[in-house]
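Labels for the chains are A, B, C and D, by order of writing; each one numbers its residues from 1.
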């Protein structure tokens, strides 16, 4: 077992034990915070596939996070008001079932990622950063002016959506759902990195020329990675909306994109558990610093700056050392 | 004759220590950082001033910053309810944050006292017995602006607001009380800073007056650019763009503009005079609309604490509903949907020495409630 | 089998200009089965531009490229690779963070052409691994399979380049200065290896190392200022007056 | 719709575009020469506006305020370059994005800490206030006309600077070949600081000029920053000419889109839904423009490299 694997296991265990402890102590808010960590980490795991594995610095992942959120908001608000989403050409009704909502969130964000990716991946480097940022912003403005679903006010869902056999309103049970999904995404992402696809994608990041000369198209590899990445972030968006029982265009804002990226960097770029460590650290900081000063963003900014300049590997890189595990 | 707030509050406090009242824990979620922090800071300062003046030690206020983000607000509300175990929530400035927090808070049996936002969804069918709005229903000031435009005899008004629900509501509110024709109607981008295009359209439209609702920086930009354009049509709008905090940034461009508000620092009553003086003494600046609303919210709460225990929800609710406190706005009572029935004034922007401020020039609507109250089954 | 008369790889009247600079002027070249065809010329003669047009990185302004008798001018690099064009680079273009074996498996994956498998293990796939290991063995890197590519020496990286190209089981090799940066002994070893490779597929190579060129090449083409001034056997080129003046003369 | 209104809107689009150019020019220079993506460029815009408002408030002079804005933004730019940005040139774009994102947080909240949460006052100077009548009877704000003039002068000055001066030669050398400037015997780190400060000063100037007709507040820079990105994507990274053309295209699209789209939908929809559909689409119009340019020319209109 490498040191990184040890740290990863410890992180997963801590994320599980803290809410259980809070459950025993009757501190439901701690469970809510842990749920938030799990969901934001999931969004980060999604972005990490594009960013860490594919080297695609997307500053527009808020688009997928928001689309996932609105998939939940739209379906649930129609179910809550007993109105159909559309009755032509086929009748589509809202739903309060989480699995259905997740599926729609995955599909919708995947489709959006396909469109944005197909255009943005024609470029690379700084262009790609600026274009993804701009597309994210386009969704933001669209959501704000989309009066049918609340515009800037967003949509409130009064009761959390349901999952067969569970009481999702109970914080610990909802946490369990998000934790299992996070683990599943981590497992998927670990396998992906070792798969033929992961190998090719990783090589496309290091040497696109090489990938072309062996007969593969870096563009298509990246596009598929971007779509998978967007879908996972979209799923996280749907869960985040369910955690808050609320969606709003804020989920689309470019600061959201920045924050998801911050999780990855705080935790450690291209590390499997980087987003988990980063999201946890971010939430803890927000909680502690936010209580200390109105101006806590200054401290957050300074910390982030120090990590980027001097602690390149983030939390996991600093703890596990520079070397990365290899077969 | 009315007694001074200070005296009233200490009398209440005396009652409190006499053992009638239970300690009350208040959770205040408001915007203290980022854009729009000025509003939250004023509401908080007004609220805390009233608490301080009351001398009441049975009230504990937990204050948290929502950063104007709905998701943060929801999590703070969860934290305050689940972890801090507060009895009463208050403080939210923005309608979208209010929509995210209030329905679930009241559903969990907490009281919510709104010091600023009054979205229509919570005033009509979505009203709740534990939700009290101490400011206004969102449409009120716009309706008053419409009434004022009608009273002034405007025949063709050009109206504009940002393209988001509160903006659309503002235009609807104005139109409901306005009897003239519209020479143009525009929905602008939220957060837009350049209004050259809109101003050109106003110029070309042949309007005789302009109504706008552009809160925060948007209003500042619009007014400056409008003044510079040389168009000389009268402007009317709700108080949000003419508030004490903002006026200094608009400067001369705002002079003479009529705006509608349920409060003004020159409303002639003892409570208001004492409030304006003590706020200035405490914080070194003139109070804003939001400060007055925060102050009134705290006094409403204090008045109810003097009458009933917060643990007895029915009694406490009844005590809140009586609105037995002396408001900075003079007469104040609750409608059937727990939203205010109050006078709404027309103010004009003036310059007092070096400071831009407002003075009352008339009443736009007297004892005005809101149209949604009829839909509220309570 | 391919008719020995039809060239495996061929350019017909390729022209390419960058503004006023004519990098390729009416270039027609061919590569026949079993041969090593060396392309030489002074720096700035347009060798890299020509190689890029053959491999697919650049499009000629006019003229065409044929692989196995089929016109591939319109195809991108990846498609040409799929049709059997194996290429190595002057400056190693390998995945430096990955292991040697991973790089070779990547080649095998390219040859297999099914990269969108998300759940299998790449290194656990027996088919891919066998092709990769055979290629590594062929170039003599089998003992370094688990080393990280960045740790390899210059010569070993060059060997790995060839190994990756081998996994594709190509119809023709295009090699850009395979000897560059190698010491005398490394150069000698690679010369011996390439000599044995021509049976598998013919090689078109750009090379500055004249000893290697004269030792290996069946034919040599000389490129000067974007034009082929001569093509012929080693002896013919050595004797060619224009070549002596334009190229070898400078060297001597 | 009258021709007069259209003409006025074209002027408005032009003025908006010119201000975007001042932002985009600095960004594109910094990227062209140093290969750095700077998200904190919007903060320098804000610093310019705040410095101008503070100095105008203290002295009453708009000219002094502009000088202060240039000086403050250039100084902040130079300081940040020396302390932070310098360490980022050799880094990946990802690091640059994050470090400059962190700078936004620090700048925004520090400004709020210094100046408070309310917007500041900055007004148009007396001499430039009010409208003038242009040929054809168009009434147009003198100040906005001045903005267009200042922007064009700055653009012209930049062209001269880059094509005629020693610094310009160094900048061009830096854009095409970084090793070459070292070979020319140029002190690279000094050149980088100067270019960064120059870009910062342009942003600060834009902030001060725009601040006089808008609201001087924390967070005013980021929306402009994102538009400047769109401008650069359209114009092509590193190209001053591309920045100018892109900025004017974006300015005109945004202004005319907001005017024409609701009218267009008004042809076959009722007034209210035409207004809302038109406004919604208008807010997306510049991004659609960007997408079209990307499909046709992925490296932008004047971009050398993708």
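Definition applied: contacts are C-beta pairs under 8 Å (C-beta built on N, C-alpha and C of every residue); 3 or more make two chains touch, one makes a residue touch a chain.
Every value quoted in this text rests on a predicted model; they were computed, and no experiment measured them.
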Chain at maximum distance from subunit A, centres defined as averaged CA atoms: C
Centre-of-Cα separation between subunit D and subunit A, whole angstrom: 31
Where subunit C and subunit D are represented by their mean Cα positions, the distance between them in whole Å: 48
Separation of subunit A from subunit C, taking each centre as the mean of its C-alpha atoms, in whole Å: 43
Centre-to-centre distance between subunit C and subunit B (centres being mean Cα positions), rounded to whole Å: 75
Touching two or more other chains - residues of subunit B: 33-34, 37, 163, 168, 187, 189
Residue numbers of subunit A (touch at least two other chains): 141, 144-145, 147, 295-297
Every chain pair in contact, whichever chains are involved: A-B, A-C, A-D, B-D
Subunit B - residues contacting subunit D, complex: 33-38, 41, 163, 168, 185-189, 191, 193-194, 196-197, 200-201, 203-204, 216-221, 224-225, 227-230, 245-246, 248-253
Residue numbers on subunit A that touch subunit C, as the complex places them: 188, 191-192, 194-200, 202-203, 206-207, 209-217, 221, 224, 228, 324, 326-327
Subunit A to subunit D touching residues, read off their complex: 51, 57, 59, 119-120, 122-127, 129-131, 133-135, 137-138, 141-142, 144-147, 254, 258, 261-262, 265, 269, 295-298, 300-302, 304-305, 308-309, 312
Residue ranges of subunit A in contact with subunit B within the complex: 27-30, 32-33, 36, 141, 144-145, 147, 150-154, 156, 158, 171, 240, 244-246, 248, 250-251, 290, 294-297
Contact footprint of subunit B on subunit D as seen in their complex: 1-2, 4-5, 8-9, 12, 15-16, 108-109, 112, 116-121, 123-124, 129-131, 139, 141, 143-144, 210, 212-220, 223, 255, 258-259, 271-272, 275-276, 279-280, 282-283
